[in-house]
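This report concerns only the one structure given below.
By letter and in written order, the chains are A, B and C; residue numbering begins at 1 in each of them.
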Amino acid sequence: MNAIRFQNVSKIYRRSHLGRVTETAGLAGLDLDIVKGEVFGLLGLNGSGKTTAIKLLMGLHHPTKGEVETLGRRASDVEVLARIGYAPEAAYLNKTLTGRENLRLFASLSGIPRAEIEERTADMLAKVGLGKAMDQRLSEYSKGMLQRASLGQALVHDPELVILDEPVTGLDPLAIKEVRALILWLRGKGRTVLFSSHDISEVERVCDRIGILSGGRLVKVMAQDEWRGKADALETAFTAAVVRTDGVGPIRME
Amino acid sequence: MRGRWLALASALFALALIAGARMRRLHEPRFPPLSELKAGPFAFQDAMLAAAGYRAPAADLAWIHLLQYAAGSLPEYADHPGHPYEHLATLSLRVTRLDPSFHRAVLFAAGILGWFHGIERPDEAAKLLHEGMRRTPEQPMYAIYLAALAYKKEGDTDRMIALLESSFDRPETPSTMKSILANLRQSRGEHREALVLWARILESDRDRSEHARARLKIAELRGLLAKPPAKKP
Amino acid sequence: MQTISAVFAYTFKEHLRHKAWLSAALFGLVLLGGAIIVSALGADERARLLLDLGLASIELIALVSVVFLTVHLILAEIESRAIYLILTHPVRRSDYLLGRFLGTLAAVALGMAAMAALHLILLSLYGWWEPLRYLAALGCMLGKISVMGALSLLLSLALTSEAAAMAFAVFLWMLGHFSAEMRFLADRSGSSFMKTALVAFSHAAPDFAHFNYRDFWHQAAPGGEWLMWAGVYALAYTAACLALSFQLFEQKEF
């Protein structure tokens, strides 16, 4: 049973400036199935299409071509979002509200019954380590605390599918370890996890499968047994598969 | 489904048009068109306020200018020597062009022009009252003042005073006009009647601006009434 | 309904905690104080001046607040990307927009109510006490503010530039008070094209001139039936602008 399905999905960004229209391919003909219960990592360079793929899943973008399905429903179906948890690459939370108010808002938006909201909110804040800071405004939170609050909002409604966009970028080693433990805990509970990352070593440790994106195309899909126990197998595959599309050349210090 | 909001917006807009037409049929505010606002030092301020939907406050500010002018402290409208209050009518009409319901501006100016000691230009006052009447014919005070001016011209002061006093407690009557009337009584030696009028001014919340003067006048008139009438030699 | 009320609640709270709202409320109090001082110059029309200038101050503050807040309402959330987290929950975009709009309108209305209560107390001290007429005037002002808020929101989504949206909103405010003038000019115009254009404009722009109860109530004040139609007008116009905003917002990508 698939948790996520991309069927020949393309996304073209059109920009118009002074009457001149330029088109950029964010994704080109993506076909990918992610089965329920697996942890899938999307690897790729900047601009490879990882975030575009995630935005298509979350309904923030509409595909130019093809179909995107999550949990058996079209991604544009608002109702299915109640079963998905999403944490973007940075904590885009409302800083004027407290931690508790933020989580209460997202619990309410996710359709948690009113009677349960308070308990679920306090419980989740305690789980992400913000039990003592829950009544502080987010403008007073540190970056690490914000990241935890962002994870809290993604998980407060106990979703079946968790999508994390670059969850370890910019975190300290201790926090990275905690995120890793969280992903493994979610897998243990039978949840499906999709996360994007630049960090090959992180992906190596927790993923069942990975997909490598380059220039909006899925260039390689690998299962755990293809890299487990084989030193640098994933890194070698990654560097062989990706092509820089951002016009930046390699660093040479000769 | 993509066009459902567009269809709903069209239906709601049609409803707004119907409601707007009903509103206009039930009540049409009677403001003179902006083109009637005359050029002058305050024309830009008046036009901007009226265009932004603040006609009543614009008329209020024009009323303050009128009062300042009457008190001799509006440099934008200086009188030529020997022509006191030459801009009074212009400034009062400015108020009613902004808000025709501001009857008191015209009545105040007409009162000064018609009855103020040393001014007495009843023809100018009558012209002003006719203009006020043209704008709001349902306002009875213009007709009362016009009739009072007619009595004045005929020299029938008793009937003039009686007519003016009949409108003494109407809310449109300017405080200045009430003072003029009380002074008129006093100048005719009718101290008791003058005292009653000043007492009515003092009782009226609306005439607060005249209260200080009313107190002084009441004391003065009480003194006059307490004195025995001078014996003729 | 739960999602609309959740979005409403956080928007309302956000505005009340914003410095701009507090500054507007303080400035409103300063203007009311100014009205007391200016009205002292009005001699026997003191109560009228206090009434007019006070109501005009309340409307002006409400107008500036509602235009400023609604123009920023969505664009600021897009810029801060807080919108990502809201729309990746099971929230219909129309519900989100409606909750945001109503929350903003409620915050502005609260400010208006506080100023009006103080104003009414001051008026009663100067011998003016007609609370029903005052409420009718306040209701019409709220109607105008609601229409302006919906128009500003629509403009912000259509133009995506805050400065342009604010400039257009102010232009429409002026045009709305010109509706009677436009009909007057149309009557006198010799050109049938001009006549049609002026009549069309006078109908398309919100008819604030006929809605401006506080400005014309010194003349014969309209009765209950007029007030009912004025309410229908404000609601229908506001809802039409919101429906157009929903149309634009549903096609938007983030």
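In this text, a residue touches a chain if its C-beta (ideal position, glycine included) is under 8 Å from a C-beta of that chain, and two chains touch if they have at least 3 such contacts.
Predicted model only: the values in this text are computed from it and were never measured.
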| item | value |
| --- | --- |
| Distance-to-centre winner among chains (Cα means, whole assembly as reference) | C |
| Chain whose Cα centroid lies at the greatest distance from that of chain C | A |
| Centre-to-centre distance between chain C and chain A (centres being mean Cα positions), rounded to whole Å | 41 |
| Interchain centroid distance [CA atoms averaged], chain A/chain B, Å | 73 |
| Whole-Å separation of chain centres (CA-atom averages), chain B against chain C | 33 |
| Residue numbers of chain B (touch at least two other chains) | none |
| Contact footprint of chain C on chain A as seen in their complex | 55, 58-62, 78-82, 84, 86, 88, 90, 92-94, 96-97, 101, 105-106, 108-111, 114, 150, 153 |
| Chain C to chain B touching residues, read off their complex | 38, 41-49, 52-53, 56, 59, 94, 126-127, 173-174, 176-178, 180-181, 184, 203, 207-212, 214-216, 218-220, 222-223, 225-226, 229-230, 232-233, 236-237, 239-241, 243-244, 246-247, 250-251 |
| Residue ranges of chain C touching chain A (in the complex, touch as defined) | 2-3, 5-7, 9-10, 13-14, 17-18, 80-92, 253-254 |
| Chain B to chain C touching residues, read off their complex | 2-3, 5-6, 8-10, 12-13, 15-17, 19-20, 22-24, 26-31, 33-34, 50-57, 59-61, 63-64, 67-68, 99-102, 104, 174-176, 205-210 |
